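Please read the structure below before turning to the comments.
Read from first to last, the chains carry the letters A, B, C and D; within each, the first residue is number 1.
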Amino acid sequence: MPIKIEASFAFTLERPTDVLLQFEAAAIPEQAIIERHTRMSDAEHCAWVPAQDDIGERIWVRAQGDFEVEYTALVRPQRQLPDIAGLARMEPHHMPGEAVQYLFDSRYCQADKFQPFVNSEFGGTEGGARIAAIRDWIADHFSYEPGTSDSRTTALDSFVERRGICRDYAHVLVTLARASTIPARFVACYAPGVEPPDFHAIAEVFLDDPETPGGGMWQLVDATKMADPADTVKIGVGRDAADVSFLTSFGPNNFRRSSVNVTRTD
Amino acid sequence: MPIKIEASFAFTLERPTDVLLQFEAAAIPEQAIIERHTRMSDAEHCAWVPAQDDIGERIWVRAQGDFEVEYTALVRPQRQLPDIAGLARMEPHHMPGEAVQYLFDSRYCQADKFQPFVNSEFGGTEGGARIAAIRDWIADHFSYEPGTSDSRTTALDSFVERRGICRDYAHVLVTLARASTIPARFVACYAPGVEPPDFHAIAEVFLDDPETPGGGMWQLVDATKMADPADTVKIGVGRDAADVSFLTSFGPNNFRRSSVNVTRTD
Amino acid sequence: MPIKIEASFAFTLERPTDVLLQFEAAAIPEQAIIERHTRMSDAEHCAWVPAQDDIGERIWVRAQGDFEVEYTALVRPQRQLPDIAGLARMEPHHMPGEAVQYLFDSRYCQADKFQPFVNSEFGGTEGGARIAAIRDWIADHFSYEPGTSDSRTTALDSFVERRGICRDYAHVLVTLARASTIPARFVACYAPGVEPPDFHAIAEVFLDDPETPGGGMWQLVDATKMADPADTVKIGVGRDAADVSFLTSFGPNNFRRSSVNVTRTD
Amino acid sequence: MPIKIEASFAFTLERPTDVLLQFEAAAIPEQAIIERHTRMSDAEHCAWVPAQDDIGERIWVRAQGDFEVEYTALVRPQRQLPDIAGLARMEPHHMPGEAVQYLFDSRYCQADKFQPFVNSEFGGTEGGARIAAIRDWIADHFSYEPGTSDSRTTALDSFVERRGICRDYAHVLVTLARASTIPARFVACYAPGVEPPDFHAIAEVFLDDPETPGGGMWQLVDATKMADPADTVKIGVGRDAADVSFLTSFGPNNFRRSSVNVTRTD
């Protein structure tokens, strides 16, 4: 079922400033872009560059004054949707080179510190069952409270404070997965059902298909349980929120407004 | 002038354990591998995978019991060696996609917090001149003191404590470069002149050649001033020390010894 | 010259909640309370208890619903005002027991990490001259920017970010003083000239009078340079901002408004 | 039953240095000092000052060269030992002024962040029952592993890493108590049964006797469960480990050895 996306945001740059934008649905095999329309204010310079892991694109803009972005798209997710709890652990020594970086600590995900915790709390599980247990543990122990976290909040803070928004839920899931030696990355996305409606963030973990061992595949998982992987449209991926933002400004920026609307169509 | 490398290390794994090794000179155009010899203990499983940015390789090993690694090589660095202070800043909106991730915060390099500092301390400089000023500032204000930092020490800690080892010097340089909107990464390497002799770590920054603008090139820079880029042999690169270690163990590991000897030959 | 203080604030407690208030000028020898008037909403329970180091009082209140506080006072500071740069260092082994706790690290003041920095930056000075050098260094290197820090910001953060408000300036001064083995505490106060007008915070350090060695005295010092110790009215002291707040709520609290007006009279 | 204490430690000071020592059993009503013997190397200067909350004493020493401390004592604890789980919560608005500081965050105990956790995990309990639940939760979820923490480890780190030594167990208990609005402090002590034998640290919480409400009393509680309050000899108290150390050196110090032996006598 195609997903309809309407997003817009606006900001003002007092002097000529470089900004990096990433808000378009990634053109990748697992989601078909049926229709897309991007409109941006005039800029002195504008260049599309490939984003992390070649999933989606970032847009370099150099501009001044009021700047507006409007984006609409119709996208049909067509990814495989196995039951995550049934997927197998991939032994580290079988992992492909490109998955290895997602085992390591990153800015907001200090996985190393959590090894005793994951062993004692989730010790009886592994692979996809471990991920399902982590997802459910977060969902049970955390409360979704906009305004309680900010751009400085790490997975360690969130783990202690037991609350936050999608970004924080994803950071904790990524962290506990990596502490379990399961590669995990951060995914910026659009998804219907997110409340309040906004850009969304979830995690993606690297697991193995027990029927074709050694293949390995990335699977979406949302600890907030607001997004269904069947309906989720990926924008981009990264080690954590430091790597994927719809707007990164290399100079002062007066943010004015944003609006996101994502719906299922028939 | 070729560089001779002799490195060895040994550890014991009580039960079958996955470890990730990265200790060989990277086979890349900027350094010619004249001769190399790697000898490792027998392992249940052993697989080479490409390392970050396709610079060098990581080795997945699954083994048990005593494990030893011996590595010798003769490598001739042949990279370009422009005067770093004469290189130009690359405007963000001209940066290629693969450099962008090196602008962002990582585990040990919280660049975002340092913007007011770099503006006030290095405000009159940009590009290569900024990097040279940062390198000299670190060299002047820090003391090299093995034993004062550990694997938890971040660039923020080091900036405050004003001391550390090569890893910490590199983290601070990477952080101040990123805070200056200059892409910077962490490089594990071999270099003669490192005292005490050991695996070494330095920074690499992305700058532009004023004569061929828009090209962009990575340039090595060592705030400890112990390593000369002309003699440095790269092993691998990463966002920071979380990404490049000669030994990462996914289970208990009893480290026994290491020895590194790097010399200039004639 | 007496200082006139007018302060008021209001908040709402949805259910019966304990709150701790500390907003009155401390009744201590160094400042004469000429006149004071405190008016608070009715409460289920209200009790004055001595505050830290017996400087001022805290008020325990248990209340529900809208709660308002109005306070006016006329206070004449009469403390000694030696030139701080001329005061001597007190040798640690001469320090009285009650000053010792102010040498130690506290929540927001991780002094221990700053020893190499104070030695290299302020190495040629000691005692009052060291404090004057620290105060001037902060004033020169920091910018006063409301909104850039919050209740989680530590001295370490502020030292790196080089900006903040009075609370942050005081934390950095306290931290660098303690790293210099000079006892230092955090002082909540009223002072004319604070811009924007608000509750103010400064530091107080323990130094010796060269003419009566071994006596020791606490001296106010404001790195923001907005408050003159001659005009400053103390509310209370603590290890850092964790210990002195005009309002601490032990349960949800909807803060509505505050206003502070402090003027010199003739 | 009297407790016999034998403690000694030695260090070397290259140049004249101030050190602060705190190793003697506190002379307070709850423990009778039957016999004590303190022998220290000659020093240039030596002065006893009262320690925090007037519990025990600190010793200022200024010395150079080899310095040795030997201490033996026979002490009979005689404190009240109610069942902690039966003690009542003291309402904040009834707390005496001197207990208030032990509600606030300190260097290693960031209690504020843990309010959601204590509410969800221990929500059905209060007062002494809450403390007993916290103590048992820590004992169940943590493992005692010397060498996994150091002087930089905070309660937040320990809560995540789920391991540490007595200092870390005490920090977590203090933190979770304060997050529950129960005053809590850190106690340095001697206790038989500590394994390996060493200086010990536990927590002390402020609770109310249901039979004489409003009195309030401090009660020892050890999350490691190695020390019995009936046999514990207090040295001193503080906000956390930053405040109580048997040796604090204000200059370079080469620590050579320590030995602690604590036994029950008949």
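Here, a residue touches a chain if its C-beta (ideal position, glycine included) is under 8 Å from a C-beta of that chain, and two chains touch if they have at least 3 such contacts.
Predicted, not measured: the structure shown is a model, and the values here were computed from it.
Taken over every residue number at the interface, the positions common to chain A and chain D amount to over half, indicating a same-residue contact.
Chain D has its Cα centroid 28 Å from the Cα centroid of chain C. If you average the CA atoms of chain B and of chain D, the two centres end up 43 Å from each other. In chain C, there is no position where the chain touches two or more neighbouring chains simultaneously. If you sketch which chains touch which, the chains form one closed loop in which each chain touches exactly two neighbours.
Here the chains touching each other pair up as A-B, A-D, B-C, C-D.
By the touch criterion stated above, chain C contacts chain B in their complex at residues 113-114, 116-117, 120, 141, 143, 156-157, 159-163.
Against chain C, the residues of chain D that register as touching in their complex are 18, 20, 45-47, 49-52, 57-58, 60-62, 91-98, 100-101, 104-107, 110, 181, 238-239, 242-243, 250.
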